[in-house]
Amino acid sequence: MAEEKTQEYWRWPEYRYTVPGKDWHNAKSVTVGVDIGSVGSKAVVIVDGELYAYSVMRTGGVSEDTAIRVTNWALEGTGLKMANINYVVGTGYGRVNVPFAKKTITEIACHARGAHYIYGPTVRTVLDIGGQDCKAIRCDEKGKVLSFLMNDKCAAGTGRGLEVFADLISVPIADLGKVSLSVEQEPPSVSNTCVIFAKAESLALLRQGWPKEKVAAAYHAAMADRIVDLLTRVGVEKDFVTTGGVSKNAGIIQRVEKLLGIKALTPKMDPILAGAIGAALFAQALYEKELGLR
Amino acid sequence: MITAGVDIGAKYVKIVFFDGGKVIGRAKALIGFDVAKSASDLFESALKNADIKRNNIKKVVATGLNRESIHSKPPVNAEDVVSEVVADAVGAFHLVPTAKTVIDVGAEEGRGVKIGEGGKVKDFVINERCAAGAGTFIETMARALEVKVEDMGPLSLKSTQAIPMNAQCCVFAESEVVTLIHSKVPKEDISKAIHDAIASRISSMVLRVGVEKDVVLVGGVALNPGFLPPLKKELNADIIVPEYPEYVSALGAAIIAAKG
Amino acid sequence: MIAEIFQTFRNSIDNRHAYAKEWKERTKGKVVGYFCTYVPEEILYAARILPVRILGSHEPPTVTEPYIFAMFCHLCRDSLAQGLKGKFDYLDGIVEGQACLHLRQAFNAWRLHIPIEYTHYIYVPHGVQTPHAIPYLTHELAKFKQTLERWTGKKITDSDLDRGIAILNKNRELMRKIYDYRKLDNPKITGLETMEMVLSSQMIDKEEHNKLLEQLLQELPNRKLNRNTGIRLMIIGSENDDRTFMKNVEDLGATFVIDEHCTGSRYLWSDVQPQQDRLKAIATRYVQRVPCPSKDWPEFTRIKHAVDLAREFKAQGALVIQNKFCDPHGIEIPPLREALKSVGISTYPLEFDVTVPWGQFRTRVEAFLETLTGLEELF
Amino acid sequence: MAKQVKAYPTEPLKCWDEAKTLRKNYYEDYLNAHNKGGIRWAGGAWTFSAIPAGLGTDVYFITGEPYGATIAFYKDFAAKCHDATEAAGFPRTLCAYMRNYWGAILLDKFILADGSVVDGYPAPDFIWQDHICCSHGKWYQVVKWLEKKKGKEVPMYCIDVSVGYSLEPSEPLEEYKKNYLIQQLNDGIDWLEKVTGRKYNDKLLCEAVWNEIRSTSLWAEICALNQAIPAPLDEKTMYSLYVMGTLMKHRPECVDFYEKLKEETRDRVKRGIAAVPHERFRVITDTQPPWGFLKIFREMEKYGVVSLGSLYTFGLIGMWEYKPDGTWIPKPLPPKKPKTREQALRAIVEWTLNKSEWAHFYRPELKTKMMKSIVDQWRANAVLLHYNRGCEGLSVHIAENRLGLLEAGIQVFPFEGNMGDEREFDLAGTLGRLTAFFESMGLKKIVE
């Protein structure tokens, strides 16, 4: 199927970061969390329980390679070598494919723990909007999971759905949320179930001459409906926070807040890292356990 | 006498100029947001390339999802419209007079048309919502596999392993694909699983109208070599893919125009 | 030895068709396929007919589209697909005992489109909580017996029925005894093995199956499973023969110690109590057995039973499997989960379709197990 | 185009307003039953509603399917109802009427015929149901469960009717099958006395049974009048008329209304009054329509297509039977009105077990045969089969019916949808496919 070359609106930027003014050389523990998601992969380095460095990139066709690439990238320029890492925990869809991980823990537990680190101990409900599914997690003051739910098939299609949609309306994925909020008046949302229907309906709306932002609003509203259905099923308790790549999309989050009548706490750091941070913190705990410190 | 058929589908607009039983020109372009404009722009440029004047064209018939967008609306002023089902039947029958079953698989829609005497539609089936998005599914999955869309088909042919996958729902199938990726299944096999799933979805739909030989496959996905083998297997029938399969509906419309 | 017995169970599932053909050869007898466990196999055994359960293959059932609307459960479509593909070409007849519209559809499509000598539909009553169900079903069974006699040309005597009842009772009793070994702190049999035991009993001659079970019962007491029991799980659903899923879950550090579905305990939990009127005795068993939700109203007796099982077998958590589109079971999910929660057993729901995306399910199951252990020491 | 197609005279139905008022009062009476010192019960449209009538003249009730359909008709409230049901943990694939109904209870709201929503769901004093499909008994079992969570104990009685269907007049249902139902109804009467503390009145029972037999026979006669060309009624209109039978088939108001309607319809036939002016292509449909999208019928009219009804609209309420000559006719009344409880119970059981809409549950061939009779006798050109995701009960065997009709050389157009969950109906796609079908039938749009 010959394709005309079109701009890749869906492609989001990859990045890394080292927290300035930190030194790992005489740290008690240096641990790493690697979160191989269905769309994005993240690696986080924690030094004595403090965030030190991280990297975020697309998940490739071979998850081992991705795991290695994303971790090396996180270590890049820090002087850290694999040998300096005390413990690695893998999480996310590809968690079993992190060759150097000593243990794997699900992204459910890791996101709760990570959210607790990012937002503090008042967090009770975590919404993680990932690449291909959406999780609603209830946790306690320690960041421990009490109960959780994931979307059913008919309400699937989150991150990946947005990528497809970005292409559809030719708006860079990072701007989608903003664009969707630029309507004066909220249009009725598209079929609030299947991502396939939603896309077809959006296309039809575009063809009817709806402006991009109006279609984007209808699509984002539909996603918000889906997400709120999931949240109400697990039951929302304050404080409410969001994690995962899509949580940067204000168009979805603000609509979810409106439907719930609850404001989400604002993150102190990049919420896409929550899973990897949680994994790295579990790694620290596991390392201390090894040393017999707990 | 020159006639024209314009097929305005979900993703592409295709045009066929037809004269004295022969195709004298083809043109194809992606559809932008303004369907009518995309269609008329292509129509104008196609006229130029084929060096034909609009008033030399006796009749223009539009077909496809968005056919109404140029129906007796300037500049194209298509005199008439016809459903893609009828257009498929007429077009396929013209190319393959022995055709009894026509299968058309495009970006969003799959169709099965049973045809009788003179290319008349006897029965037809179009995928329902829960089986939508054949072409699009391949594209999205190509992205997940980090493979070029056009390479998906050839890649799948290299596979030797069959992996059963949910045939009906794209979303369901997608999560199975991601599972396969992370359980280190070779891209070849995953790509085959994807094509098999679509083939079995299309065939199970076509089985509703029943498969009578000869079977003709048209539409964009017909150009994908990975799709044909599993479809043959599912229907256990030989499948004829005419030249320029993606233009068959447009051709059908042009022929209907010629019939007056 | 034990390994061989389980291997035999597995083989009789994997080679069920070869087995049935071989059995016909050997005994010159008739084989009848049935869809639902409400078919009283006692009467078929009485007629010296081999009943085999018709189940699916978990491949997308693409050939059924013309005959069954895809909004009906994958079990009925997948089962019919097997017939249409000729996998069951050795069947002399099919019988269905009324339970749901889904399987009734598979039965009728089979009757209409697959050449078959004998077909019979037993109108097993739904009103099993009414006092009139037993006499009514007794009538239905008499009719069933008659059609069999007409077909085989042989009268079914009371002693035939006694034999049929004895075979079935023994089979169920032996399997229940084996279930008891799942109550131990370290169960002597896994959930997968149990499933394979029960499935095979629905596919091979129960007299042979009973021999295997007796051997198994001798060996089991001194069996050591060299595996960690991990979390004690219950699995609850309608029909479930997804062995891959069972294995995958038990590989995550858990053991299924009890189940509540019709390819498990629900199939074997009660016996026929002898009575002068044999058919009435059989009818009584099928009216009073652990019900399929389709018949379990106005009271939720199955839910109560599931809770009792969970406690008796000391389950720490339960996976609630919903075969997509199965209304009778789907309707009971919230009351079921609430009832289990009220006795401190947490549950997690999973929706099964013809294929299962293990990757997604793995995350859900693992996370569920994590919530049961709490990963305590890591906080 | 339009001038080439002759236009028939049309005029609105005179008894239209009465139909509206009857429906309006029905929901309000149930809501206010207690203020009037009466009692109220809930159950399905198929249930033996004539039995509780023996409890007195102040017994009000609400039937579940029409209520679920009313919710579906008002899409916004319906959406809230699905969400509430899914939030409670029920699968989205269940019967759509049932999910709508539970949703209203969970939201603690009640919708009236005109779509106005009042606070507080009026819990029934008891449930009187029959289990016609996989869900009907379970549906109200959950209603009972939901009410209990709100602190109200609602007693429930449910009748098992799963005894099969008389395949041929030559082989009627055995006595033991009828008796199984009669015994359950007998017990049911004792149960009604127990839970209501009222004395049961057999005379009222006999009246109600006879009313039900008359109204259901009358509805069939009305449908039979639609054999005329042009058709005096179209299915979209019939939905608002047959509904009386789904709400109150055993009530005298229902009998009176159908008497009037029959007279008016007969008069329309006499005067050649059409439901659709450009009638030139006659179709029948199948199963409940997608209630939120009845506009598809308006689209059909633009092609000169009229829907004459369906086995669903004819046979859910209407009683039919085959004459020896093979024609399908309204079932004549039994020779005499029942005088005793025993006679009444037997009469209603025998009458009800004959319900045409029941046959397909057991054998697809029976439904296909009746649909073929309708196509022949009502002179229909095609059948539009609604593959209804919202209702297992009426969609069961529908693919077999399609095959059977095709085999008989009848044109069939299947389309997928959902009677009560708008998320599963694709209006644009369906209209597109429908247009393609009409074109392949050689039809063109007459009016824009």
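Per-chain numbering from 1; labels A, B, C and D assigned in written order.
Quick note on the criterion: a residue touches a chain if its C-beta (ideal position, glycine included) is under 8 Å from a C-beta of that chain, and two chains touch if they have at least 3 such contacts.
All of these numbers come straight from a predicted model, not from anything done at the bench.
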{"item": "Chain pair, most C-beta pairs within the contact cut-off", "value": "C-D"}
{"item": "Euclidean distance of C-alpha centroids - subunit A vs subunit B, Å", "value": "37"}
{"item": "Centre-to-centre distance between subunit D and subunit A (centres being mean Cα positions), rounded to whole Å", "value": "49"}
{"item": "Distance between the centres, which are taken as Cα means, of subunit C and subunit B, whole angstrom", "value": "45"}
{"item": "Residues of subunit D engaged with two or more neighbouring chains", "value": "89, 387, 424, 426, 429"}
{"item": "Touching two or more other chains - residue numbers and ranges from subunit A", "value": "93, 133, 152-154, 197, 200"}
{"item": "Sites on subunit C at which at least two other chains make contact", "value": "65-66, 351, 353, 359-360"}
{"item": "Chain contact topology (line, ring, star, complete or other)", "value": "complete"}
{"item": "Touching residues on subunit A, where the partner in the complex is subunit D", "value": "152, 154, 191-193, 197, 200, 204, 229, 232-233"}
{"item": "Of subunit B, residues touching subunit D in the complex", "value": "65, 82-86, 121, 123-126, 128-130, 208"}
{"item": "Complex contact set, residues of subunit A against subunit C", "value": "93, 105-109, 133, 142-148, 150, 152-153, 282, 285-286, 289, 294"}
{"item": "Contact footprint of subunit B on subunit A as seen in their complex", "value": "1-4, 6, 10, 36, 38-39, 60-64, 93-94, 96-97, 132-133, 153-154, 156-157, 160, 163-164, 194-197, 199-200, 203, 206-207, 209, 212"}
{"item": "Subunit B residues within the subunit A interface of the complex", "value": "10, 30, 33-35, 66, 69, 108, 129-130, 132-133, 135-136, 138-140, 143-147, 149-150, 153, 169-172, 174-175, 178-179, 181-184, 187, 220-221, 223-224"}
